[in-house]
Every structure is written in structure tokens, then in C-alpha cells.
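As C-alpha cells, the structure follows; a few thoughts come after it.
We call the chains A, B, C, D and E, going by the order they appear; numbering starts again at 1 in every chain.
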């Protein structure tokens, strides 16, 4: 398989990684008849059962209780990768080996954990699990701003190092949260930019953040945005700022879809991500809480939006 | 020994596990003249001495103070497996080697531990102990909802990984408890479904939960059950929902018997588990707090109930 | 050396242990011209300097400041074993190598530690120390009922596993203490039975508890003792109940002597231990706080009492 | 490359280090056409994005969002070394391999961490990362005076030991902070001297502290400075005292530049460091928050000031 | 080199240690033209810069800022050994290799650590450091009575074990401190005796305590001293009691000098240590806070006092 110039350019930003890691990034970037080679990614994550429980996640579309359902959906929709916790991957890894790159989501939280201003997650899998299940990458959530933030960062740094040494790519879900960040601040522009920067600094190959709002959390940051007249009025502008924060666009950044929303809202977001230079989306509930056919149709629409802008950057 | 189609089908859901783990699951599923090959399990657990002390567990039937008693009972009743803490297995492993699959229960709690909203258990054995004692599986309790919940999940994940790598099957007792769950919620339908799902997500091969009540703990879950008109009126319906939460029935789920109850109540529960598609029961106090002969008779009745429904699923 | 039938019978309860561990148990059980082979044990422990300081332990008999004193005393009195912390054994291990089985007491507490309802002990030695010093066994204290109880149990479980893997026997001092147990409850019958059972469950080869009083700590236990009319009126009855809690007498249980007491009281206790089927005593302060000659005489009297009941059990 | 007498003399103070560590120190000390061999160091550190977020660090000079920018700047300015966290080095290590000695900054703090009087940092890289990225040294921050101070010192001691064993030099940012030090005390003379001494005692090869003020924090120290009439009136005097505290000048000490300041203030500080016998500066924000050309010019001026005093010491 | 009978006798108390450890003890005991072979030790410790900062330690005699100064002083004064933290030894180990036995002080505290009733120290070096620097022994402080006491004892026990396994002798600074001991109690007779006993129990080869006062801290201890009429009126009597607590004089015990004091007071203390059978002194501030010549003279006087009593014990 010959890499496209776009993918070659992206990989050039990861020149310090070993060939194993770069091959895994290439595998994800080249996956999909339409998406492959465009530098755009669309990933299906199914870890909501961990955080919200099974009924809140799957009752709306009961077929989705079955882990094999998500493999089939991601493959038929021709997505870039499928991300899920250990048990979900164990259920289908053998049957669908080689059909789609998989990302082992290695830590998760529980909505029944006692509430805390030191929110944390539990590590539920290992690098060896990712290797035996044939994964392309491993994924982790960090909560900068939490009293547990340094511990999570240390834990993820260690596992990321082990993953890379074994030729696996590393995806970081960077979600500021906890006593150091206000509720509103979790989606503020400066904090999301900070989140993307932190993930890049600890060595993430692919960074996942939420689409940023217009609010600025830190006073010292607000002064700077103001003083240097940084353009943050449209979502596309803000996505562009996030890419800047991710090493001037030299790190792959994808944006989460959040809770179920209308098709119009979703497409508006996709176009802003595209226009701001983002690398794509990772969309869970908006996918599997629809019927299979609706989901396939919606994912096709999103893919088409993304590849509309398939120009060399 | 040729596996039955039912067992082959169950094992097909564990295709990502190594041959060692699958052989151990087959060993348990094929055990017993009547139960073997039906996909139904009946397991004797004797760990109550750890939690409640010896007299509260065994004084009612003083023969049961002797660890060898339980081996004999489980073997004569032709059960699927016998589960107990380290010392109990050490006492009989040599004498009864090869007679019945054993499950090393690796953590336990104490009723004299200071009360806490971060309930926990102590790890009292190792994977090497399970191997040297010839066990088929290891078992662990987790308390999702406890302030110690993430630590327990991490601990169990690590040990489960080590167990599987050494060809041992993994059983998880998933018991929500602690500051994140109300007392009533511990047996509520949504929380038990959540518990089963968590165990499946962290890679449990066999999941043990309590039979669920009709109560719904989480407001957000109640809305979903209501909105999508999920049938939860009979115990069989609720068991069926638990199986759905366990990867659409692709994980083995067994239900605990709880404190001593009447034969009628017990059989009512067994039939509901059977009719809801559950894989069987794990019954301790209702077994060893009866006389030996009564226990044998009751276990035979339960086995007969389970195999009445021996159809391909 | 040919084992006696009594010792062979005791060893048969440890059939799952490796030959190394069983040989060490045999070494202790066969030690002593009079005690050897009777199934009765008398052990000298000298760890009180750790808990109470040197003067409170040894000023009454200043010769006892010298670690060699205790070796000599235990050897001349022809006891089953000598138990002490690292430094005490290091002081005499070379000189008295091969003269008497030694037990390395691996953890200890300090009376100057700040008071806490999470009482704990410090690990002060390792399995390798026990091996290089030629010990027959290692010993540990656990405090079930303490907020540190689970940690202590986990720590001791790990070390016990390592000890057994290296062919050393394991002795557990099981002393309920801390916020989960009342002061009075520490010597109550149900709690001492519980303590013995816990030690057996975590794999102790030899269990050390205090002689139990008549008080019952847990309401739920009191109901059971009452309902099933368990005989607990004499100390011998209660010792017998403790042996039952220790796997129906299939684990070796020895009883501590406590603070200095009169000869009459001590002998009364010895006879009750003997008549209740206990395996013997471990007596520190009542030994070394007397003059050398008095101690030798007292120990001889105790040995004679124990072997009076030398019948096959 | 022949070492200069000045560098040979400095290396003689590190005679106990292995050849690998000494070669790395020589590499940094010999780097730069002008600085090389003078015993003076000028280092560019870019870790402010970690502590303050990307916009507050780079918005003023948006080119600086790109990690490659800093490599280019440090190389063109002919500095002694470039120091940055993992992700920043990973972005350019391959492209600029061999162009300038790099220092992997291994721990960092976050301004969105909840405030605490036990301030800490997260370890975000490993010695293996430094080796695979071809670094000359690793760097760490410690916060003596913090409730986390001992933990940080232990952590850094362990990593420093591992670094040296692998032939890497060790740089310690010693920043007293936390409940044990007043805000004012953080830059007081006695505390900065103490900070430099601590870093030397734990084995740092290069020590980074802030330029000390005139204030004395500890009463007992003030008495001593007074009693022995120690000259602390000028910054050069105080720098000289810091060098004394760093093993009588036998450890390399460099001083940080702090927040953006005027050229005049900066040059005043540089001259004092030079006149007091300090080994140089490590200047971040004052470098990359200027335009590229301004920064090059300023760094050239600083280098010229330092080498003006290029005499044998 | 032939050992003297006195040294042979002392070594006979360490017969369980391996030849490596015993050779290191012999090296220290045979060091010094006058002290060598007498069983008396005089050691220079320089770790006060860690606890009090550099100016409070060295400003009085500014030559002492230089680590090489202390090596020279200890060698010229012909002392038994020189003890210091990692950085101090690294500075001179190469230059003075083979000139004097060195003791690597492996943990230290900071006077700017936040005050706590759980005082602790930071481990700042490793056994491998001691080996690469050619040390004869390693040293540690423990704080029995602190809430961190058990952790410190466990830490030191582990490191002591590793040290001995590598043929290094072990020195323990045993300093009761923290919530379990009153300020006055830190130097009380019973507590110092307890401290010496604890150090002996955890396997220390050489024990360092403070000279004991007349006060008794524990009520239960006071009763015992009273009841058994233990003579504690002179410092020599009390030293003798401490030696008794250290395994009847079978462990080497040395006494610290404390803060600067007059020559008369110091000599009074030395004579009491000698007359009470103590093994010597470890004197820091009273040495290096004098001028070099004064220090040499004072150390010579002390040595002469010690060897005045050079009789076989």
C-alpha cells in the first residue's frame, strides 16, 4: 500500500517515533475507501456502557447490547478505527481480526463512583492485552485539573511509553475536570487548548478533545487572547486555535461528538472541524443510539463532508 | 470428551481467549453427569466464614467446620465447581485432586473491619496458588460504587490478566456497594445490570451477580426504562435484562442464593433464572447450613429444574 | 528420624503443602525429647522488647538482655522452637545453628507509635533473612478489625506465599484489634474463633491466638451460640470451639501466655488447652521474667502436663 | 575535540561520575562557538506551555507554537543546550539530531491543578525516552518546603541515579515552595542557598535556581549571616554566596530568567551572575516571547557579556 | 592486617553476618593509628547542611563549604570513618579513594519541610551508590514514635538487607520523635534505651543514639526502673544501661555530639561514654564549626581519652 502525500506529511511530524508506531498511525490514516489517505479520521468509540451503564447506553437501540454489532457497524461504515474497553474487544477480536484497526480504551470511569473533586478512572487493561488482541493503538483519558490529575498523567505516560516501545500508537482523551477547573471551563477555549497542548507534551500521537466554546476560563489567558486579538468568534476559528495549540497542527487532533444531537447540529460541527483544520471526529452515542441503517447513512454523510476538503495542507 | 453443541456455542463467545482459558471454561461447563454440557452451572461457594466468622456460618451444621465436608458434598451432588478461599482449598486439594473443578476465591472481606463508605476486600491468594492447587478458575469480588471501587477494579484487572495468561478462567463477583450506591440500589435492576456489564467490560469469563429487584436506582436510568418500555415486571424478565447487559447473553452469568430461604422461594428463583436465560446459580449458605442429606436432595432438585430447559439457545 | 503416628496424622492435614514446608512442620513437631512426636508444642517467643522496650521486658531478670540467654534457655528446656525478631536471631544463629528450630518473627509494633484505631506493625525482616539464618518458620501478626487489617492480611499473605515457596512453615499471630472490635471483644470467644478461622483461611500452618473468654462480641454470633446451644462454659470447652474454628482441628493452634501470672493460673490454663485439644503454648514473659532456674522448672512442669494427654486423636 | 583548561577544571569536580556522564557535561560545556569552553552556559528552556498553557506562552509570538521553532532558535543562537518536555523534543529530535545538546525535562506542573500547600509535579517521561531521543541530560524540578518535597526528592534521586548509570547528566531545578516556605522566602537568600545545597547533596550535576533577593527567611539563618558579617548587599555578592553553597563553586549553577523583563534589567542580572561566579543562565519567556530576530540579538548580547569575563577561575 | 583480640571479640557478636559485612566492620574498627584495634570509634558526620542549610552549618568556618575539606580533616585527624550524604561523597570519593572508610548517609530531613507529627526523611541515595563510591557502610535515620515510624523502619530494613547482601555494614541513627514521644522524652533514658534496642532488633551493625538524660518517659518504664533499683544517676551509668539495651553490649553503639558545646562539656561526655562502655562518638558541628587546627586538636584529645581505657572488655 502506497501512502498518500497527505499521510506522508502527517507521518513526517512523528519522525522520532519508531517504525512500529508510525506503521500503526499509517494503518489508521489509510483505513477506509473514502477516508483512507485523506488525513481525516472518523472513529467509533463504545465505552459509554462503562460510564453510564448498559441501559442508558443501549436500550434505545437494543441490538447495540451486542459487542459484535459495533464491529459490524464500524466495518460497514468503513470508518478509520473502532475504540472500546477490554471486554468489548475481546468479544469480537477473533471474529473480526484484520477487518478494522482497533483502539483498546485502557481506562474508564463509573457514574456510580462516589462524586469527588479528585475524579479519576480505573485502568482496566494492559499493553499486553492490546498486543494479543491485535490492536493498532491504545487510548486513555486524563483529567487535568483534577486532584488526581498528576497521578493520571504519570500513569498514562508510563503506559504510553510501554505502548510505543511495543509498536502501538497512543490516543489521549484530554478532558480537564475537577477542583482546578469550573464546570463551564471544561469546554472553554483556553482550557481545551491547554488540554490539547498537555496531551501533545506527554507524547500523545492522536489527541481527542471536546469542541471548544467561546468562554475563556483563566483570567491570565483572557488577557492574552484580548491583547493579541486572537480570532475566536466561530467554531472553525476555535478549532484552528486548538490545532495551533497541538504543535501548530503537527499532532493529529480529533473531536468528540458528545450526547445525542440533531443531524443539523452534528453536521455544523463537522464542517467547523473540517474548516478549522481538525483531523476528524470520534462519535459514539450519536452513532449507536440510532438504528443501524440511520447510523450508516449519517456516518456516510459525515465522511462526505470531511473529504470535500481533501486538499493538501 | 466431546463438547456438546451448547457448550461449543458458549465457547464461541470466548474465541479471543487462549486455549488454556477455553479449556478451563469447557471443564466447568462439561462437569456433572446431569449438568455437564447443558450450558447450566451450579456452584458451591464456601467463603462465608471469612465474612461472617465460623460460628455464624457453620454452627447450624457443625460438620461444615471441616473443609473436607464441602469437597465431598460438591462432588456427591455432582456440581459444576467448588469455590473457596486459599486455606479451604489447601485443606482438600491434594485429597480431592481431579474430582471437581475448583475456583480459588482470591479476595475476601471481614465483618469486623471498621465500617466505611469505601468498602474493600483483602487479596489473600495469588495466581501461583491457583496453579499449584490445580484450580480451574480464580474468583474476585469488586464493589463498584465504593470509594475503593477503582482500586479494586484495577487490582482485579491485573490479576485476571495474569490468570488468563496462565490458562485460568476468571470469575467476577460484581457487587455494587459503598457511597455511590444506596442500600436499596444494591439490588436494583439498573445497578445489577450495570454490575454485570462492568464485569463483562473488564474481561470476566463468568459473572456472578445477585438476582435483581424491580427498583431502579439512577434517575437517568429510570427515564430510559420508562421511555423504551422495557419489561421488568417478573424476575425472569429482569434476569433476561441482566443477560442482555452481559453482552447480549454472550457472557456466562450466574446468580447468588443469598441468606437461607425456604425451598419454595429458592426454587421460584431458580425457575426465573432458567426462564430468563441465566446460566445458573452459586449457592452457599442455603447448601451447607442444611444437613448433608437435605443439601444433596435440594441440589438435585435444582439441577433437575435447570436441565428441564435444556434446549439450544 | 521416624515420625510418630500422631505427627503423621497432623501432617496429613497439610498434604497440599510442598515437602519443604511439611519437613519444617515435622522438624518442629518432632523437636524435644519429651514433646517431640506428641503433637504438642511449647515455644519461647522473645519479641516483647520491640513492643514494650528493653527495660520493661528484661530488667526483672537482667541476664535476659543478652540474646544468647534465650537460645540457651529454649535449648536446655528442650522446647519445640524459639521465635524472635531479626536482630535477636542474628545474634545467636551462628552459635546455636542446628540446636533448635527457630521462627523469624517478621513484623512488630512499638508502644511509642502514636495511638491509632488503625493499629499496624512494621515488617522488619525478609524471607531471605529467614533462609540465611536457617529458620524453620516465619511468623507474622495480623490485626483483623483494624483499619489496617486488610493491608496487613495482604502483606502477610504475600510473605507467607513466598515463605512456603522457599520451604518455610508459616506461623500467624491472629490478634483482632482496632476500630472494628471492642477492647473486651479482643478476647471474646466469637472473635478469637473468628481470628483462628481467618488465619486458617489465609494459609497459616500454625495459628497463635489468645485463650478465649466467655464474652460474645457480635450480636449475630451470640444468637447463633444461643440457638445451637454451644457449650462454652469452661475454658476447655472454649479451646475446643477454637480448634473447631481452625478447620475442625486440622490446623495446629497454640495459645499465648500473656503477662506474668501465678504458676497456678498458668497451669490451669495449660490443662484447659490440653483438655480442649489445643496444640500447645507459646510463653514469653512468664518464662524470661523469672530466673533461669525457675523458668526451666516451670517449662518442665508445663511439658509434663501436656504429655500427660499423649493419646492418639 | 580538545577540552579547554576551564572545562577540564570543572570536570575535575565530577571525578566520581562515570565517563558517560562526564562526556555529556563536556558536550554541553564545549557547545557553541563563543560559549564553548568558557565554563559559561546559556540554555533555552521551553516548558512554560505545560505550566501556563499554550496561549499564555506563545500567543505573543505565534511562531513559537511550533516545537521546531525553538530548535532552530537555539541552534542559530548557538546556545549550550535546549531543554523541553517529552512531546516538544519528540517533535524535533529526528530532524535536529546532533545539532544541539538537548535536556529532557522529565516533570512538570499544571496551573489548573487544584491549589495545594503540597505542590507537586507529574513525571511525564523516562530515562529510556531521553536515551532514544539522544539527549545529553535529563532535568527535574523539586519543591523543597512542600509537603510533597520528600517524595519529589526521592523520585528525582531515583531517576537521577538511573540517568547517570546510563551516561546522562542530571539537571535539577531547585525551587523551594509550599507550606514550609513563605511566598517571600521563595526568593530569599538563605532559602536559595539552601535550595542549591540540597540539589548538590542529592547529586545534581547542574543546578538551576532563581537569582536570590536580599531577604533572609529563617531566623536562625539571619543570626548567622549577621554574626559572621556575610556580604549580601549586591546581587553579585549573593550569587557568590550561592556558588559557595554549591560545594564552594564545585557544582555548575545556572540562574533562571523569570517572567519577561526589560533588556536593561536582564543584562544587569547577567552581569551580576557573571561577576558572582555563576555558570550562566537559562532563559525561556524572555527569549521566545520576542520575535525571532530580537531573540537572536538579545541572546548574542548575553553571550558577549558572559565571555567578557572569560578568565581562568 | 591482624585483628586485635578486642576487635575479634566484637566481630564474634556479628558471626551471623557474611564475611563482606564483617570485613567492613573490621575495616572501620581497625582504622586509625591510635583508635584502630581499640574497639573505640570516632566518626565525622557532615549532613547538617541538609537539615539546617549551608550557612547555618558552614558560615562559621567558611572552608567547610567545600566537601573536600571534611575528607582532609577526617583523614588528618585519623578518625575511624567519615559519614555524609550522596553529593558530599561524590565530590571527594575519587580523590580520597582508599584513605578513610566512608559511610553513605542515605536519608535526610529538611528544616523547611512543613512541620508534622509524622516527621520523616527522604531517601536520597541507593546501595548501588554506596558500592560505586567504595563506601564501607550505609547509614539511615529512623524516627520511632513518629506516625511515619513504621514506614521508615520498613524502608530501612529493606535497604539494610540489600546493603548486607552486598557486603556493606549498616549504621542506624535511632532518634525517637513525633506524636508518640514528648519533646523531653526524646532524650529520656528509657526512650534512648528503647531506641538502641529497636536499632539492634532490626539488624543494625552500628547504632547511633543521643547521650541519655535522667528523665523517664513511660510510666510503665519508670515503675520498672524504680522496682528493680536500676542505677541511672551518672551519665556513665546511663550509657552502661544503653549498652545493656543493645544486646548486653553485643552491638556497637556510638553517641552523637549535638550542637556546639564547650570543650569541657564535650570531654565530660566522652569520659562518661568511655566509662559506661560505649563504643565511641560521632561528632559533626563540634568539629567543623571550629577552625581546622582547633578541630584537629580537639579530636586528638578525644581520641586520647578514649584509648586511655583501652582494656579488654
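As a convention for this text, a contact is a pair of C-beta atoms (placed from the backbone, for glycine too) under 8 Å apart; a residue touches a chain by one contact, two chains touch by 3 or more.
Keep in mind it's a predicted model, so treat the numbers as computed, not measured.
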item	value
If a chain touches chain B and chain C alike, it appears here	none
Interface composition of copies chain D and chain E: same or different, split at half	different
Angle, in degrees to the nearest 5, of the Cα rotation that carries chain C onto chain D	145
Whole-Å separation of chain centres (CA-atom averages), chain A against chain E	58
Interchain centroid distance [CA atoms averaged], chain A/chain B, Å	36
Chain D, residues touching no fewer than two other chains	none
Running round the ring (origin chain C, first step to chain E), the chains in order	C, E, D, A, B
Chain B residues touching chain A - in the complex, by the definition given at the top	13-17, 117-118, 144-147, 149-151, 153-154, 157-158, 161, 165, 176, 178-181, 190-191, 193-194, 196-198, 200-204, 218, 220-221, 224-225, 227-228, 230, 241, 244-245, 247-248, 250-251
Chain B partner contacts - residues on chain A that touch it in the complex	49-50, 52-56, 59-60, 62, 65-67, 85-95, 108, 110-115, 120-126, 128-129, 132-133
